[in-house]
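Two complexes come next, and they have one chain in common, chain A, joined by chain B in the first and chain C in the second.
Take a look at the complex of A and B:
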């Protein structure tokens, strides 16, 4: 498909043109901060209007794009008691035509992990709240040139310049221009909208090289090939490693909520007088009541078991059920963990244990 | 200083006087340290203590984190002055017995506000604001302190340290509400602020209760405000000001600003500073029959 060159300084114009073409544009944006040393920079994906600031191409955003496909909370329907009748009102599934701009390769690859759960491809049930949003969403991805110390995408089969799941992929070249690659029909449509800003055929060689240079900056390198067979051996479920590494986990849900592929949710009725909503909202397998039964029995009764579940979910359950990993190596669970519990330390231990037992 | 602590910890583990020593070890990247549970004497070689040691380790002494179930008869814990203040408060609230723990203290030079700001050293630009008016750099209550512990005057009042609080207080109600509504938009209710807190010690948090549901569980505006305001109120007169809730927040919301404000209120209303005495009880969790206020009788 088509390749071209785009000037980085024209990204603002890209937002203008896409907005004019009736796209809702989502881009990473630095959030306003308070003064003082305790204030830490934070960037999130937000809806942007022409003229708004954005930080496309500057580091990895604090949170990913998950909320635009699977919001942290959303009503499933509204209900109202009217005498003996209960009136239900469905929510609209008419989502706006959206383009997510400047999404990093790890984040765009994660969409396939969410799709595996929410679409009827594997699960046999189609969650329209997700799939109808996905149908309306186009992903314009942007290669990483400066991966940080927590990034480990190359350990899970991705790379700083991967275009998996992307509709239109951009890579920043050393000369400051962007090499643009159209990947899908949805990407073609975007290219048509911004056609006046595209020129030539880009520079495929420099783009390849940029990817190689970026990958060399990644320092967390783990062998993930040994994970699946080791995890599938049920004797290892009781390995001493789980308790030793997981002991410090305090049981918050930071890793799961920052994770682009974690997808667990809960449903409750939020009642107010004689009406209310049935609401779907994010839940976390790290919470102590996640597996608490009505009987009082808890199948994962201690914190290390909950983290063992999270690790197994990413590298065993996902592989068994969907044939792919449930981890894209974005490193947010490492950066966001209050006690520095590090998923790559588990990966390293497993790799070592697998090698030792094989020899 | 850490050498002397390592030596003492090793000695007490060897003699069996302690079952475990909770401290800090090198983390998985150079900007971070991580909690470590030393059970074998040789584990103590891994202990470190410097400006990167941000965690408030007494969170692990919290009932909520199944501390009593661990079967430790005596726990050693390494603490900065502010962490030890949390232990003092836990004892004052009958959440912990003083003789269950053995406190290793050392002089603290302050800690980094967030590992992200660590650039190899601690300086004015990256030191947490709580350290700027700290009167427990020499910790108050310790079982082991390397060298001679100097006397420190700690009679001064609690001082708000976050510069941001002055800005917020000056705003009118509408602007302040708008500020929090926008900042809370990022909150997804992971409860990191709760889990790192040594004083959030309820076995079942009120926000996790569903029959009835007191606080909406979903992370919409109402649910998020419900959680943060409940949390702020439940810590009034109890928060010892370690600032971990803000530091731990994965989306960088400065939730401890509520606690700092309430600490100031408690100081003014009750002349009480939490974490300085095991005997003086926090004003809002005590009941006196001779209370001069009669609204509760």
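Take a look at the complex of A and C:
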């Protein structure tokens, strides 16, 4: 498919043109986290209008794009109790045509993981709140040139310049221009909208080189090939490592909320008088009540068991059940953990145990 | 309707008070077409809701051979079950289902089948018991070993009496020591104990279906293995906490096994391959 050159300074114009073409444009934006002098700026994905600031291609976003496909909370339907009768009203599944600009390779790769859970590929049940949003969303991804110390995408089969799941992929070259690659029909439509800003065929060699240079900057390297067979051996479920490494986990759930592939949710009624909404909202396998039975029996009774589940979900369950990556190596759970619990520490230890037992 | 989280509406046709904290609802769909066409297989469950309180997971306690209605039987334990408990005849509830796998009753044809249940765990067994009794010729001896903490805690008292009356059912009932009343005519003792020491079933050509709290399942399986039963003769249901019933909310998994999709019915041999998170 088509490749071309785009000037980085034209990214503002890209937002203008896409907005004019009736796309809702989502892009990373720096925003102050707190009021006052202690405030730090954090980058999150936000809806942007022409003229708004953005930091596409600058730094890594604190939160990912998950909320635009699987919102933190959303109504499933409305109900009204009328005496002995109940009236239900469906929610609209008509979502706006959306483009997400400047998605990092790890985040765009996570979309197919979420899709494997929410779409009918999973047991035939189609969560249209997710899939209809996805149908309307186009992903314009942007290679990383400055990965962070927590990043480890290259250890999970991705790279700072991978385009898995992308519709249109951009890579910043040393001369400041962007090498643009159209990957899908949806990407083709975006290219048509911004056609006036595109020129030539780009520079495939420089693009390749930029990927190599970026990958060399990643210092957190783990062998993930040994993880699945080790985790699939039931004898290792009781390994002492789980308790030793997992003991410090507080069960705060930060890692799960920031993770692009974590998909757990709860369903509750938000009631007011005789009516309300049934709402689906993010939940976390790290919370102690998550698996608590009504009888008081808890199938994952201590915190290390909950973390063991999270690790297994990332490197075994996702692969066994959904045939997809459970971890895209974004490093958010490492950056966000208040007690520095580090998923790659587990990876390293498993790899070591796997080699020791093999030899 | 395309929204997988939106329930169908059902009317409570009849409420049966089973014990002071347990009720049975007899339910029919409000949508006529669904009422005509609804089908399920024994062993499956549903998400039942009281609008304003939320959803709860119960098995379908009636037999698929009895068409035109479903029944659920639940114990008051928390927010949703308390709200459901307060509903009465004519009220509306929500239902999503049927979900999950099923009891492999075709595989049991020509065999003796023993049902072992404790406390509130009779509902899943009741569905399959009636299913087999409605196809009585296909099975050899049918036995039911059922126990609860006390006489007051026994559910389905009318049906227990009916099963005792029948000469093609072997009904063994028991209450925990101290739970008996003066006129109690059943056994006194914990279910696994009564099963092993008083009922003493012969493993030859026999399937045992066990439902109850995890601890009861464990002791019952151990007792049966001492009696010579092999793992492939033993079947149970698991009740990991659920929300969606659709394999999406991530709550009910035991390792890579999702109880809402791959269960709730499991063979003992399958359970042995699972990490101990049930």
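The working rule: the second predicted complex is superposed on the first by the 350 of 359 C-alpha atoms of A that agree within 3 Å, B and C clash if a C-alpha of one lies under 4 Å from a C-alpha of the other, contacts with A are read in each partner's own complex, and residues count from 1 in each chain.
In this section, a residue touches a chain if its C-beta (ideal position, glycine included) is under 8 Å from a C-beta of that chain, and two chains touch if they have at least 3 such contacts.
Predicted model, so just to flag it, every value in this text is computed and none were measured.
*Asks:* Quick check for you: in the superposed arrangement, does A:294 touch first (chain B), second (chain C), both or neither?
*Replies:* In the superposition, A:294 contacts chain C only.
*Asks:* In the overlay, answer first, second, both or neither for which of chain B and chain C A:9 touches.
*Replies:* Neither: A:9 stays clear of chain B and chain C.
*Asks:* Once the shared chain is lined up, is A:208 touching chain B (first), chain C (second), both, or neither of them?
*Replies:* After superposing on A, A:208 lies clear of both chain B and chain C.
*Asks:* Check the residue A:266 against both partner chains and state whether it touches chain B (first), chain C (second), both, or neither.
*Replies:* Both chain B and chain C are touched by A:266.
*Asks:* Quick check on the superposed pair: does A:73 touch chain B, chain C, both, or neither? Answer first, second, both or neither.
*Replies:* In the superposition, A:73 contacts chain B only.
*Asks:* A:357 in the overlay: touching chain B, chain C, both, or neither? Say first, second, both or neither.
*Replies:* A:357: touches no partner chain.
*Asks:* Indicate the residue numbers of chain A shared between its chain B interface and its chain C interface, in ascending order.
*Replies:* 266, 268
*Asks:* Can you check the complex and tell me which residues of chain C touch chain A?
*Replies:* 1-7, 9, 49, 51-55, 77-78, 81, 90-92, 94, 213-214, 239-241, 243-244, 246-251, 253-256, 258, 261, 273, 275-278
*Asks:* Under the touch definition given earlier, write down the residues of chain A that touch chain B in their complex.
*Replies:* Residues 31-42, 44, 62-63, 72-73, 149-150, 247-248, 250-254, 256-258, 266, 268, 270, 279, 281-282, 284, 287, 289, 302-303, 332, 334-336, 338-342, 344-345 of chain A touch chain B in their complex.
*Asks:* In their shared complex, at which residues does chain A touch chain C?
*Replies:* 76-77, 79, 81, 84-86, 88, 90-91, 93, 117-118, 122-123, 125-129, 234, 237, 263-269, 271, 274, 276, 278, 280, 283, 285, 290-295, 297, 299-300, 305, 309, 312-313, 316-317, 320-321
*Asks:* Spell out the residues on chain B that touch chain A in their complex, using ranges where they run on.
*Replies:* Contacts found on chain B: 27-37, 55, 59, 65-66, 113-114, 116-117, 125-130, 162-164, 167-168, 182-183, 186, 188-192, 194-196, 204, 208, 210, 213, 216-220, 223, 243-244, 246-248, 250-252, 254, 256.
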